[in-house]
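Dropping the structure in here first, questions after.
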Amino acid sequence: MFSFLNDYSEGAHPRILAALQETNLQQEPGYGLDSFSQAAADLLRDVIKQPKAAIHFVSTGTQANLITLSSFLKSYESIIAAEHGHISVHETGALEAAGHKVHALPSQAGKLDPESICDLMAFHKDEHSVRPRVLYISQATEVGTIYNKQELQALRAVCNAHQLYFFLDGARLGNAVVAEGNDADLVDIAGLCDAFYIGGTKNGALLGEAVVIVNPALQDSFRYHLKQRGALMAKGRVIAVQFRELFRDGLYFENARHANAMAQKLAHGIQAHGYAFAQEPQTNQLFPIFPGIVIEKLKKDYESPFQK
Amino acid sequence: MFSFLNDYSEGAHPRILAALQETNLQQEPGYGLDSFSQAAADLLRDVIKQPKAAIHFVSTGTQANLITLSSFLKSYESIIAAEHGHISVHETGALEAAGHKVHALPSQAGKLDPESICDLMAFHKDEHSVRPRVLYISQATEVGTIYNKQELQALRAVCNAHQLYFFLDGARLGNAVVAEGNDADLVDIAGLCDAFYIGGTKNGALLGEAVVIVNPALQDSFRYHLKQRGALMAKGRVIAVQFRELFRDGLYFENARHANAMAQKLAHGIQAHGYAFAQEPQTNQLFPIFPGIVIEKLKKDYESPFQK
Amino acid sequence: MFSFLNDYSEGAHPRILAALQETNLQQEPGYGLDSFSQAAADLLRDVIKQPKAAIHFVSTGTQANLITLSSFLKSYESIIAAEHGHISVHETGALEAAGHKVHALPSQAGKLDPESICDLMAFHKDEHSVRPRVLYISQATEVGTIYNKQELQALRAVCNAHQLYFFLDGARLGNAVVAEGNDADLVDIAGLCDAFYIGGTKNGALLGEAVVIVNPALQDSFRYHLKQRGALMAKGRVIAVQFRELFRDGLYFENARHANAMAQKLAHGIQAHGYAFAQEPQTNQLFPIFPGIVIEKLKKDYESPFQK
Amino acid sequence: MFSFLNDYSEGAHPRILAALQETNLQQEPGYGLDSFSQAAADLLRDVIKQPKAAIHFVSTGTQANLITLSSFLKSYESIIAAEHGHISVHETGALEAAGHKVHALPSQAGKLDPESICDLMAFHKDEHSVRPRVLYISQATEVGTIYNKQELQALRAVCNAHQLYFFLDGARLGNAVVAEGNDADLVDIAGLCDAFYIGGTKNGALLGEAVVIVNPALQDSFRYHLKQRGALMAKGRVIAVQFRELFRDGLYFENARHANAMAQKLAHGIQAHGYAFAQEPQTNQLFPIFPGIVIEKLKKDYESPFQK
């Protein structure tokens, strides 16, 4: 049985395990105050060219979204997301459980457009409604598409016009920034967003996501939020060592390029057989449209999302 | 300046004040354990023909929705409502602040249809999504329309099929049950819903809504919820005395009939001038479609929702 | 059967009902934007000599505590209270349900001393613990005692030293300010506290408490909090009319004086029979120490807190 | 500079890294549905002799406490803990942030006694107070002491008498069960508790704690809670592989014995120099009482908790 189901069905890139091995017996303070966490954060600040960004490492994408977004909001403030946005549909209401409404806006190819955001803002004017305060997008989106630089700039302009913070869910950020035709790199994204996270779990790490808070007004007391949500790991080094390894010489981008290239190969094969895609393949997520008979045949040899 | 803006711009029906006057010096226990609360609850149980219903009095509609709905739900459970449902848009995210997602479904004339609920349920199958657990509707709806008995029965059937509790927001329930052409009375509603509330504030009371929990499985420990949310009034009698007065000889229905009749009169006048309505007038909420020039003219003598 | 159980076993002072009667048919905007709410707030600002204080009317003491305190706090911030403080033990964990720890400190005669607060602060230094942010006291306390002006000033100094907001629960504030030997009036309290509330329910109103936010930094967006917690009454006028009546010519203080005088009379009688008190009677709460045989005898003619 | 500060200042036991290495390229489903998670859970069920226990792996002790305890409670229910209990003082109010009061009871040598729990229960009788619902203890306690079997049985009896669930925080459970003089093993604990967790992070793992829910009534829908709190790791295998390694041949106990033995050696040296301990050393936490001059001298060569 083969599986193309997801990018987290195996362990880590071999260099990740080697790095953990190498650093294993070095004695360090706990709770993310170790030298590896410092070094990994410095490295990331260099890569994104934001020397004052605050950087914290957490263990899952839901933690990254939940803790970061909720730390920005007052109790009556809300988040705008696409209807298929991960926080809207696939995090078991984590943000509502933290007290915040998530507005689910219609999207095109998984992407939000500025107009629908402005329409929403026009309807939220007084204390009988929540006050939208963060714009949440995913890059790559949940359907594998990418916002280009101009689209990101347009969303930033909407955020400026309506006092919204701009947050980018980067669970698949590696695959987005190395994608063919993409023109927004990590420096662009860090320059446009108030905060975002860089996903490790889906790009070669054992576990771990790096939360980047660029806006200084949002950096205060973040460790209180981490601890309160159970995200401050006693051995914070475990994730930091991995990010240091992923970013010290470009392994992060290499992994993403490999994943995209393999997906492209698969996509070409599927296209060669005459099948179309629900979304044009841009990264490593593919949504081919197969007839039922093909699906049944594929299920014999390949893991299927329809089996569970 | 005249105002037709809403049904809570004045105080109470004169008989309400008289009843408060009459009972004022009677000594009673606090926190809703008084004899008036008992009497009012008994009266309501008789009216709805549900001798085992639990009945509690609270001071606002948002309290009624918030406390009742949240008391039914586990942290990962959610509520289905129409996109214009009061809890979706006009309660400042009260239910999200209590931890629960509110799904906003498209509606026709303010009303939900069974099919869209079934579609939603089909998408919420495992622990990566919330689990929808309550169906919330308003009667009359936020646009003044009414679910007829058959429509209510169809929704009940959907609830049964999907293990959903059925909750009805009755802020304007009086206006609905006495509306011309309505075929679902309080007994029908109590028989179909797991819980609902009967609005007093918009139908002659100074303040107060009566929460009715019909389903015995949902009645336990409700006073803990009331107290924790700040809704257990030391002088619980204040609301109970009013409901006793409203229901002891039909004043509640009389008030509602009067409001509907006055609205009908207004509607006929508007129609006579050739204007249409966004929704066919059924209760005491009117949504006439006026040209801008008429709106400007009306604003000179009448309070407008567009002025604030 | 006589009852001295509490100060909310009857309705309202007759003038309260008269005021509601008089204003009943005046047409006004809803949700606390009416002219009565404006007038009552102006009156209170005059009485406390704080022309810039924000004033809001809510229906219960638990609402006043819950909404005001939670609106001041970030998710990881906590409240310091006496072990017998109302929010510690008699509000069903309302503040914890809003996400905040309540530290219960030992007290003398129901009162907190500065030293124990400083000790607590010394233990809460980093992100592994909550950050205490509000000092909560009750005046009169839950055992009927009163903080004098010097004690209040000492607590204010502690608050200044530790960046704590100072909040005073005034459910029984009337009884405190008119008590014999009291030297802290409403102007003093308003000058020392960041926020407090003035209780109406226990001093002649049908219902209602007036939240006073003196510190301008804490006033923003409070109506969002009121609405989200279900405390924004459609007929906000109902409470405002009562506070206008209570404060327009000193009825509030007259009611409190009467209650204290009656309690004094009772206390003297009890003392004359040779019984002592757990707390020296200062306001209208009495805690006589009776032998069991006396308690049993009293139960025959008087309501007892030990019966429920 | 040497550090005896804690048991998480280094990486993992070498066999842990080897196990991750060995299993690294095996393809498995995500989110804890992999074969390693199944195998590790089966192994633990065998060890504790509870074939029907539900077992879940999470990444931190705060997660284990927060998610498990909050999943057991209704909104108005609370938790009883010792005043120095980890959830009382060192988890940044995580449980209050989830809505629940934590009662902090006085303790002797870090341990709760049944009587103080009964006293607390006697004060929590109606809806004006929270309803205590879980008894939380730590084994070993926060001061390194151990409840013996008789003490655990006495607490279980209190729980039975008062409808309390019994939860044990096992961050240092390994050190407790192998401690000299201890008479309660994992089988005893699993037989007495409704739920507990077995700490990995402080006993040789890179990260990870195993939540064990013995009581079948508390097992339902736990994965919803895990996901909503951000604890469901995409590569759930990462923790499972470690627990499988720790428990397949007793490595877990061997690690704990080693830690205790090293601590005993240290303790004997300290005692030989004539110093006493605040708590008699039982596990691997030592609390020697040094004069200031000794502390200053030690700080030159050893990491100190007083430096940060």
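By written order: A, B, C and D. Residues from 1 in each chain.
Quick note on the criterion: a contact is a pair of C-beta atoms (placed from the backbone, for glycine too) under 8 Å apart; a residue touches a chain by one contact, two chains touch by 3 or more.
The shown structure was predicted, so the numbers you read here are calculated from the model rather than taken from an experiment.
Shared contact partners of subunit A and subunit B comprise C, D. Interface comparison, C-D against A-D: more C-beta pairs in contact at A-D. Ranking all chains by how far their C-alpha centres lie from the centre of subunit D, first place goes to B.
If you average the Cα atoms of subunit A and of subunit C, the two centres end up 48 Å apart. Note: centroid distance subunit C to subunit D, computed from Cα atoms, is 41 Å.
Here the CA centre of subunit A is 32 Å from the CA centre of subunit D. Residues of subunit C found to touch two or more other chains are 75-76, 91-93, 97, 99, 127-128, 224, 227-228, 232.
The touch graph of the protein chains shown is complete. Subunit D meets subunit C in the complex at residues 75-76, 78, 89-93, 96-102, 104, 123, 126-130, 308. Interface of subunit D with subunit A (complex): residues 3, 5-6, 8-12, 14, 17, 20-21, 23-30, 58-63, 65-67, 91-94, 97, 201-202, 206-207, 224, 227-235, 237-238, 303. For subunit B in complex with subunit D, the residues that touch the partner chain are 70-71, 74-76, 99, 127-128, 131, 221, 223-228, 232.
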